[in-house]
Amino acid sequence: MTLSKSLHSVLRPLAATALILAIWQALVSFADIPSFILPGPGKVINTLWSSRELIFEHSLITAWEVILGLVLGTLLGGLTALNLATSPMARYLIKPVLVLTQALPVFALAPLLTLWLGYGISSKILMAVLIIYFPVASSFFDGLMQTPKGWLDLAHVMNGNAKRILWRIRMPAAIPSFASGLRLAAVYAPIGAVIGEWVGASKGLGYLMLLANGRAKIDLMFAALFVLALLTLLLHIGVGKICDRLIRHYQ
Amino acid sequence: ADKLSLILDWFVNPDHGPIIVAQEKGYFKEQGLEVEVIAPADPADPPKLAAAGKADLAVSYQPQLHLQVAEGLPLKRVGTLVGTPLNCLLVLEDGPIKKISDLKGKKVGFSVAGVEEAVLGTMLASDGLKMTDVEMVNVNWSLSPSLMSKQVDAVIGAFRNFELNQMEIEGIAGRCFYPEAQGIPSYDELIYVANPEKMDADKIKRFLAATEKATQFIVNYPEESWKIFSGTSKELQDELNAKAWVDTWPRFTLSPAALDHGRYARYEDFLLKSGLTKKILPVSDLAIDLGAAK
Amino acid sequence: MANPIGISLTGKAHFDAVPLFDQLELTLKPGEWTCLLGPSGIGKTTILRLIAGLAAGVTFEGSIDATDGQPLSDRLAYMAQTDLLMPWATVLDNVLIGARLRGSNGDKDKAQDLLAKLELADHISKKPSALSGGQRQRVALARTLMEERSIVLLDEPFSALDARMRSEMQELAAEWLQHSTILLVTHDPAEAARLGETIYLMSEKGLSEVEPPASPAVRAVDDEAMLACQGRLLKQLREARS
Amino acid sequence: MTLSKSLHSVLRPLAATALILAIWQALVSFADIPSFILPGPGKVINTLWSSRELIFEHSLITAWEVILGLVLGTLLGGLTALNLATSPMARYLIKPVLVLTQALPVFALAPLLTLWLGYGISSKILMAVLIIYFPVASSFFDGLMQTPKGWLDLAHVMNGNAKRILWRIRMPAAIPSFASGLRLAAVYAPIGAVIGEWVGASKGLGYLMLLANGRAKIDLMFAALFVLALLTLLLHIGVGKICDRLIRHYQ
Amino acid sequence: MANPIGISLTGKAHFDAVPLFDQLELTLKPGEWTCLLGPSGIGKTTILRLIAGLAAGVTFEGSIDATDGQPLSDRLAYMAQTDLLMPWATVLDNVLIGARLRGSNGDKDKAQDLLAKLELADHISKKPSALSGGQRQRVALARTLMEERSIVLLDEPFSALDARMRSEMQELAAEWLQHSTILLVTHDPAEAARLGETIYLMSEKGLSEVEPPASPAVRAVDDEAMLACQGRLLKQLREARS
């Protein structure tokens, strides 16, 4: 990487963060928003600093859930898409069930999940995975169903077997769609983990935010939110880079 | 030691003083108990999970208990944590609402919880208004902000030991109309519930004994208790919790195991009149005095 | 490879309301080169795709049969008019794709050998995007030859090649496919005259057979009979409007 | 449409619904789930019937929000993607802000939204739009950035102006990606509307569900959830059909 | 169209470590046809793309200048080796895309006229997917001709056409492009001999100019001088290995 390039990749999130802070400050200053609804960035950064240990501790937990959720969700989403793409029966029957999982609000699922999985980390991860896997599955599936006809004709004349056609042609051809889904999933992963924490947690940014919001400090909530936002941005940029590389490799 | 799991109604806050203090002072251990305390994010979950046998005990609310039992949940109140109502109708101190009848034609916010419409209806009736005289708005996650930003003129469902302090810290004073002063029968805000078929009465008795001891300690040494309580977690160490503690500790029930039959019968009556339930259940279906039962 | 198979196609075809060709008969003699010549847009590719079992959109009324009565599928290789290379795979992987799709690893040495003969030795591990047009076409040819099927359908396989390369590739294909039955679609009379053992000319009026040169295929580049035949074909082609 | 085809398109949702009911019943029967956590389908359908008027009334509101949200969200998402695709400056600065909007939990936004928009339908629609527009914007944007190089080269030699290249080449070439995003958005639209209703409402399926949950009327909650699920499935199938047609038109 | 412009290219090019061509010089005379002939993979397309300002991946050290010293962009038209038709647009829309991209509506009548001359009148409102290979190539040619630029770069524009169609299209292009400077890349010696006013042969050794036939372009299909030139080119091409 050249100097200018690495400078660029440092500047980019900085510029974005600056813009966000500016919008935020402008909102607070000119839109006459009371500080119990949206505290100014100065106040929040103050809280961020004074509660840094608390926030850092909870952030680590959430970051861990995000990574686990993203990896598991991507795997699960990828496998789901592959399955749906090969079996018309699965498309017919299982796809609607998957669509359904996206229609269920947390509070309907939470008691079920805790009934089965208890209050450990697994119910949280499952909830996060449930949110993350769908964009990957859906986009990848769309890509798998749109393989250019010429290649499929070729594979047909070659008497390729369906699994290998999937693996050698449809999958590589669907990489841009997969990447597109992954990019989306990366944005949803942090909020997915936070929602997972609402299933019942005593740790993590989601817990901290709900707690702070409920009956305590808005400043703390926004400080936690700020960290969550930063996490989201970093993940978005990081996964974006991986996706670009992936697409370049598969042209 | 015997294991006992307890699901709180919400994240740990000063309402849970006796439980945390008993834990910290080792009173549970004295009773041969090892108590696991779990905090959910949604207050509607704990009774369900206790009824399902996922926990030995859950912290819940008396008004909710009546509805849940009426809907067939296998639950009974086995002990009391806070023996007075905390709920109140909150307005701005220097706002236009001086008495309840000033609410005519105004907006009242509520956080969907079940009984609050009935409570509000009765309170309005006590000053000659009907439910149709006000506009009800579900403000869900933001009771006091919606009031402070004047999105609504009053909110029902605020806790007098929290929202008042929160508003004070923001520099906007609030005022409470108390339900029990406006025709609502008094009730236990926070109670312990358990599945009557699955529960181990002996363990629960020991649990209640430990919290009773903790409550007495709190009443004797409120400031030291605050230090013990807030020392358990950094999240608790702030001005709001400190103020809330002062307003909360006097409300802890001194005899958690004791059952006031009349309270439950009166509230059951009130819910039937408000149309929220269809028939009167005997108190024995709702609550149990473990000390009286053998 | 088993004994070479012949194929006969009879029937007519149309797109929705638009007729493409009227009743015609085309026979591929076992183990021989049949060339199908005709103006652009007359339906050559469509016939090839019909035999390959691929034609979509066109309605064909008639029959396509092998002389041995067995189904055609899994005995065919097909090289389309576009190269259809996979951009993510190297040249070598592209050439071996057939075997890989059927679940074997494919004969790497053979493929490398073939690629060398096609003058692609230097490009074996390149991606298709780094190839020239003619190089891509030769990779597609190599992929088809690697299939080693008894029936080989080639749709203008040499159109992007220069004269020298083209004649060399023609010879190579003829040698490689000695035991196969081949249908070659081309718009180049010289090519048909050089390779054809049966030559069909397709025009608006239908299919007509043209006498191939008497000399045995593959003819030398300066074979007299071939040049004469080429002239005849050129003349007939000029007359056949699509 | 032939008879078999129209039969098919009726059968498909039916088969899916049957499968879902079967899974549901199996869960309840064999997994030993108490009915106050997950009531059986029979019970719920009973409630659905006895409360049909109530549920129907609230469903209409939600359906209206869903449709409005989907249309507005798609428009906004499409425009956002077009803007990002044309302006490197926007990519640099505005994209992170858009990513951020997806990192904000409802309860952080709700007070702000109601402060500005009040408790009318607009705050709900905005919330729904916020959820729906992002998959469209993100997928469409990815598609716009992956126009085959050959066409761009051609357009460059032809001295096409950037706007028209976008309109005539990059946009049609990105239609499959757009459709992929739209398909995802259709699945999120109903839950988007429900979340919008949590911002503060006195009508709609989301309100009904919260209310029923609070009143311990689990049957009613699941009946409302069932309708929401049905709405999601229908929307998924409907939008899927539109997308298929769109893609076929643009090949 | 303004006065025709000449172009001169001098320099060398390489891909990363692999050299493509060494120092060479290529001149396009204003208003004339220059043919660039050479074996597959020698670098013809790359030179074309360099002039069009498109070549990516290749590093070119040298200069490309117009005789009038003005920049080349917006005076060029370029027909690539693949057709690059837009699948969502009809044939007519594909042909008018240049004008449309520049913000005008394009001359529909002229396009229809041109398409008719290219024997595509029946296909004007079809999508490209319903065209044959040769038809697609002709649409791409029509699109290039509609640009009416002073410099026209053609990369094997007739390779998918049959002999009759090819010679007709050559004549049509020559007439249509009378006032333009044309660089035609081809692998067909006959084509170069028929159209070339300057003929370059590209080989591993570099670029060499071949004497064009004395007769004026476009030559008749049986022009003696042309046939002689074609023979010479064929022989040189056979010797030039890529």
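Going by the order they are written in, the chains are A, B, C, D and E; count residues from 1 in each one.
Quick note on the criterion: contacts are C-beta pairs under 8 Å (C-beta built on N, C-alpha and C of every residue); 3 or more make two chains touch, one makes a residue touch a chain.
For reference, the UniProt names are A, D = Putative hydroxymethylpyrimidine transport system permease protein; C, E = Putative hydroxymethylpyrimidine transport system ATP-binding protein.
Everything quoted here is computed from the prediction, not taken from an experiment.
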Q. Along the shortest chain of touching chains, how many steps lie between chain A and chain E?
A. 2
Q: Please identify each chain that touches chain B as well as chain C.
A: A
Q. Of all the other chains, whose mean CA position lies farthest from chain C?
A. B
**Q.** Chains linked by the largest number of contacting C-beta pairs
**A.** A-D
**Q.** Whole-Å gap between the CA centroids of chain C and chain E
**A.** 27
Q | chain D and chain E: spacing of chain centres that average the CA atoms, whole Å | A | 50
Q. In angstrom, rounded to a whole number, how far apart do the mean CA points of chain B and chain D lie?
A. 37
Q: Could you check chain E for residues that touch two or more other chains and list them?
A: 82
Q: Quick one: which residues in chain D touch 2 or more of the other chains?
A: 33, 37, 107, 111, 115, 210, 213
Q | Residues of chain B engaged with two or more neighbouring chains | A | 44, 48, 52, 141, 145, 149
Q | Which pairs of chains touch, using the document's own definition | A | A-B, A-C, A-D, B-D, C-E, D-E
Q | Interface residues, chain D side, partner chain B - complex | A | 33-37, 106-107, 110-111, 114-115, 118-119, 198-202, 207, 210-211, 213-218
Q: State the interface residues of chain C toward chain A in the complex, per the touch definition above.
A: 52-54, 56, 73-74, 76-78, 80, 82, 84, 86-89, 97-98, 100-103, 127, 129, 147
Q: Note which residues of chain C are touching chain E in the complex, please.
A: 15, 37-41, 44-45, 57, 81-82, 119, 130-135, 138, 155-156, 159-165, 187-189, 234, 237-238, 240, 242
Q | Residue ranges of chain B in contact with chain A within the complex | A | 10-13, 38-42, 44-45, 48-49, 52, 54, 141, 144-145, 148-149, 159, 162-163, 166, 170, 234-235, 238, 240-241, 244
Q: Write out the stretch or stretches of chain D touching chain E in their complex.
A: 149-151, 153-161, 164-165, 168-169, 172-173, 175, 249-251
